[in-house]
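Structures follow.
There are two complexes below, and they share subunit A, which is joined by subunit B in the first and by subunit C in the second.
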Partner chain A sequence: MTTMTASPLGRLGRLMVDNPLVPLILLLGALIGILALLNPAILSMFWAGNTIKIAIPLAMLAACQTLTMLTGGIDLSVGTVATIAAFVTATLAPLTGVPAAVALALGCAVIVGLANGFGIAICRVHPLIMTLGTALIATGCLLVYQRHVIATGVLIPDVLIWLGTGRSYGLPNSLALFLPFAILIIWAQRRSGFGRLLYAIGANEAAARMSGVRVWQVQFTLYSLSSIIAGVTGLLYLGQIKTASLSLALPLDLPSVAAAVVGGTSIFGGRGGFGGTIVGALILTVMTTMLTLLQMPEGGRRILFGLIILAVTALLVRLTDRS
Partner chain B sequence: MRRLIETNGWTIGLGLLLALLLLATRLIQPDFGTSGLDSLARAALPFALATVGMAVVVIAGGIDLSVAAMMAVASVTGAVLMDGASDGQAVLAVIAVLALGLAMGALNGALIVLTRVTDIVVTLAMLFVWQGVALLVLNAPGGGAAPWLRALVAGGITLPGVPAGLTGWLPRGVVFLTAVTALIWLPVARSKLGLMIYAIGSDASAAFRSGVPVGRTRIAAYAIGGLFAALGGLSVTMGTGIGEPIPGPYLLASVAAVVLGGVVLGGGRGGLLGPILAVFVLRTVRMDLTLLSVDPNVAAIVEGTIMVAVVMFGAVLATRGRGA
Partner chain C sequence: MPDAAPPTAILDAKGVAKRFGAVQALRDASLKVDRGQVVALMGANGAGKSTFVKILTGVLRPDSGHVRIRGRDSSVASPAGARRSGLVPVYQEPSLIPDLSVADNLRLGDTPADPFRHWAGELGLPDLRPDAMIRSLSLASLRIVDLARALAIEPDVLLLDELTAALPTDLVDRVLRVVRAQADAGRAVIYISHRFTEIAAICDRATVLRDGLTVGDLAIEAGIEERIVELMLGGTVAAATTGTRGARSRATDVPRLRVRGLATGTRLSDVSFDLGKGEVLGVVALEGQGQDELFDVLAGNRRANAGTVEVDGRPAVFTDPADAIAAGLTLVPGDRAQALLMSRPVRENIALPLLARPRRWGAIRMRDEAARVTRAIERLQIDTRAQGEVRRLSGGNQQKVTIARWIARGVQTLLLFDPTRGIDIRTKNQIYALVRDLADQGAAVLFYTSELAEVRLACDRAVVIFNGRAVDVIDAKDADEPTLMRAAYGLSEATGVST
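For the complex of A and B:
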């Protein structure tokens, strides 16, 4: 610890760990600068609005990862939950009307969240394995469901299309959902008792337990909340993509983890926040644009995302090592 | 004798369960016989090899989430190298794929040791990396497999001089599985390395103080896991004749089979026979559901639920064990 603070590099490292927003915003600026060099014509108000629009569902799914990672967990079922919510809404809307369809879709999301909570909080399965398992089962259920509703047709509610693709004053309408959401999450993690419990469990679960925190209740609530957020994201994404497919939001699974990790949230818990995650989602979106410009194939993109996760966590471990 | 039953009770129980399930299969489908056993063995082979690889890593106290992705890399690499190659070249291709598996596993282990990041995070990141590599090698299912390699796992055993009725029921897939597992694992388990793998799994710091090179042993365990993953990937190519760049559902299935097979998550205890029997138990359940003409998607749900329940049960046991 003393040697760490003595060296200027170590001090810079600590500063970055404590205030991840500053270097992240600088990185975002640098990426946009490189993009401008690659293709000067691309930068415009329209492009900025588009980038924000694409980054919002990613940031919302990354909110699930941020919250679960604060306790040292992870939620790999978010992509599946979002897909299910979108598919159920689109296929039930012509039958039951929009409000009932949305309610049923979010109900499905809650069921997955409760299953996750049961396995993780009560049986103490590792969150990664548990959420992978529920995602597998939920995908199976979706396939069975899809075979039974194929005849009813698909209706994507106008509200969702307005929210997903519309623009007002040059800015995407999805901000109307995202801004209150982001403020709520940031408020909850910083000021509410629930948010502090998340940090407490992530920093030292045994200590939190001995201070009287009912860890299982917190985890139950957390994974249900994570699934609800994923479900809402699925609805928004449905409005954006405007097709109901069985793999709608699955490609967002990995980037959502990457966005939270890049945003400075520690995958081991107790460190980070949603503010950094939002910037992380923007960075990844800009980077994807860049990779598309450079015509990087899908395989290369996955390798890059994997290496980013590994490099950032390895760096965080080095910088925060107190031994 | 009594001690043998006590120490191997779990494995013997699994064997009995498998026998009961096969009997049940016979009741469901009266003409279930040689060809049914053969297709069961071929379907179970990639799962069994993935599970063996995972079991070695879990015994060493780790977990490798990239097992399915490494299998995909091995499968496509093998298929691309063997496409249109002669038999001799195909042998070289197989050796190259096995070396690649060793290297991939060793890289996973080395990254865990060097970065000091936990195994779950490193292998999650590597899962994405290997997926990407598989897609770069082959963008869509394709390539080929040497005919002799495919014949290695198809059909029954025929020995010269022995009547076919005596050995014909034994699927080549099972013999192949037993042979490669014994060939790789027995020398390791009997050597110092095997002892060290169990040692770092049961207590890494105690092993370190007894002079075990923990880092190197961990890398070796992951390398062996990678080797089995490569064999699993090859067996996918053997079974279908093409390379498959999208990883199959082998990750969760292998974790479930390892837990069901009596290897404790956390390491240091268990063997390889239990997990292999567990794979066959899970595959037989799946086959029975198919024979009962259950919708394949419903069968997938049932299978997933069983696997999750097994993992939950294993986690409860592991927590109890730590508390006691």
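For the complex of A and C:
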């Protein structure tokens, strides 16, 4: 370490760059502390389990954002894909049985992912535009589909309800899905060739290309993978909410971006990781609880939510740019 | 000013100095241009020519010295200020807005339309439509538009920077005639070019820069080329004769790389050479003679329009850098920032090519990777004390990382584009030694260098490119700087120079 003029802010900045998780966890702890001050009765194992349960679908959709943002992209179709997967599962299950319904639902997710991959990797459309476009088209298709299945009724598979709402030993069952998922993603981003290439493309796409990476292959795979994750999240979310609506997971679209950004993933690519995103998703969830406790009107709550996200990301960006 | 001395120069720059950090780009540059004269501004790579041009045109402010145009001080750092005082530059890259029409571009610069049309006609574009989009014009037409626009303002001093590069011959003749006529009509022209034939044709004098100094101001006469080359080289002629090595005139069976008649874009028109295993072939060229395009084609960044590339006797066409790499051709580009993941660690930078193919997308064999990376780091003696991001390394160490990447993968044919630019002498020497070492182990190396002395230090032979063509191949033992410089300026061809 060279001796630099270590202003407190600069030192915190270096800490952020080297261990981005530490300040995030401190922030999460501070938020929980404030919550305890507001309402000491609220803190309990039950509350913790509930917070984790709510944060998991958000964190999974934010995984899609993290992975795509690492390459400098984004996936705005995740909410739509999750909604479609949930809706198709719920409406087809009475007709075809659960396994076939789930398979078809994930098939729909894969189709959107392939379309995204084709547009972004091969036609070189900007990910923001491409995923927004496919999301709109897919929503339209869902509306058409809904008119034809309206009579069949809705069945939410028991296994999904167990996964979405059940608890074992006080902890939500969805951890059984999420823990292996999170370990896999975190392993892959550090120890797999694919994960390294995501960082490489985000850090310098030209350099990656010059090193022999066919960037389109990576992007195509990435956006397909992102849609599959979104589809699985949709199934989990269906079990949690227990209704099949046409806008089920849409409200999670932008929070999933926010969770990744708050968690330290750079929207310009090359920096960040899923570990931070998980904490980011928890921070957003705790923040929502906190704002609810303040008993503000909905409008004020949203304004405050937006302001906090802006403040946190601005602070993080300022800190990490000091290196 | 009442006391302006009678026949003063229209442009007079004296004692101009400029420093960038630790680099003294200009120490004492001067230039005088009289009415009715065309003056050539000459200098080898790194002589400070581009800095001087930026100061003359008001882009940069000099640390000391002054620039006077028509007796008035114009060292105000603003291009608009220089323009107002009567100096109008025309650069190699046309400064026109691509998504506007010709007429709109003229309006932006307050250029009168009628004189513009007149000059466009004179310069060989009589039926240029004012509503044509700039984007739709060829590069040659753009140059003409840019020049006609400058002429329409009727400037006192015209500064023309490599104006004729990549222009077709018939247009070159017209342009030269117009430029000469400008001077004859009482204006002054500063003419920057690498082409001695043009300088002999239209210039009255030549001002030569070397190491940030003006070292000569000569009248153009027959045989002046030799004198100018001598001035540009200065005292370095006798120096740097260490490590001369004889060419390995191995009459090897099949060359690793055989290039025939390669052409692409407007700059690269006809380059052929053979590069054998165990050989280091230098490429010598002045800036912008087609060497960038040559390396781009060989590295798969760009397609050739004509010509062939053979690797180990098999024809090769690359549509992607991955194709070139699969054929063993690996590029270290001139711009380090282009090749490196600045925000990622050294290890990831070096290991990047190992993971490129989809079958390596799975689990990384960490031990194997660590071993390869460590070996490459040791071989190149990269100082990795500054752990973490590559951006924290020094320039020399960054350059080593770009090379280490290919060492870790195993080198067959290494394409080095000016690998020692801007790095310290110790690192330079390490790179020469490494290149020789690689060649001794059977690699083939193509080594473009902007420093002529490096040909003797690192290469077996050198191919000289001038104006998009390979004009000469010189053995390292004969490759003293004057010879290379003359060849690089296209003087070894019959241009009326006595030998």
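Basically, the second predicted complex is superposed on the first by the 286 of 323 C-alpha atoms of A that agree within 3 Å, B and C clash if a C-alpha of one lies under 4 Å from a C-alpha of the other, contacts with A are read in each partner's own complex, and residues count from 1 in each chain.
We adopt the following convention: a contact is a pair of C-beta atoms (placed from the backbone, for glycine too) under 8 Å apart; a residue touches a chain by one contact, two chains touch by 3 or more.
All values derive from a computational prediction rather than experimental measurement.
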| item | value |
| --- | --- |
| Contacts of A:Met45 with subunit B and subunit C, given as first, second, both or neither | neither |
| Partner chain in contact with A:Arg302 - subunit B first, subunit C second, else both or neither | first |
| Residue contacts on subunit A - larger count, subunit B or subunit C | B |
| Which of subunit B and subunit C A:Leu37 touches, first, second, both or neither | neither |
| First (subunit B), second (subunit C), both or neither touched by A:Val213 | second |
| Complex interface listing, subunit B residues touching subunit A | 65, 111, 115-118, 120-122, 124-129, 131-137, 139, 249, 251-252, 255, 295, 297-298, 300-301, 304-305, 307-308, 311-313, 315-316, 318-319 |
| Touching residues (chain side subunit A, partner subunit C) in the complex | 18, 191-194, 196-197, 199-200, 203-204, 206-214, 217, 221, 270-271, 323 |
| List of subunit A residues in touch with subunit B within their complex | 119, 123-126, 128-130, 132-134, 136-137, 140-141, 143-144, 147, 254, 257, 267-268, 297-307, 309-310, 313-314, 317, 321 |
| Residues of subunit C defined as touching subunit A within the complex | 299, 301, 320-322, 325-326, 331, 333, 338-344, 348, 351-353, 355-358, 360-364, 366, 388-389, 405 |
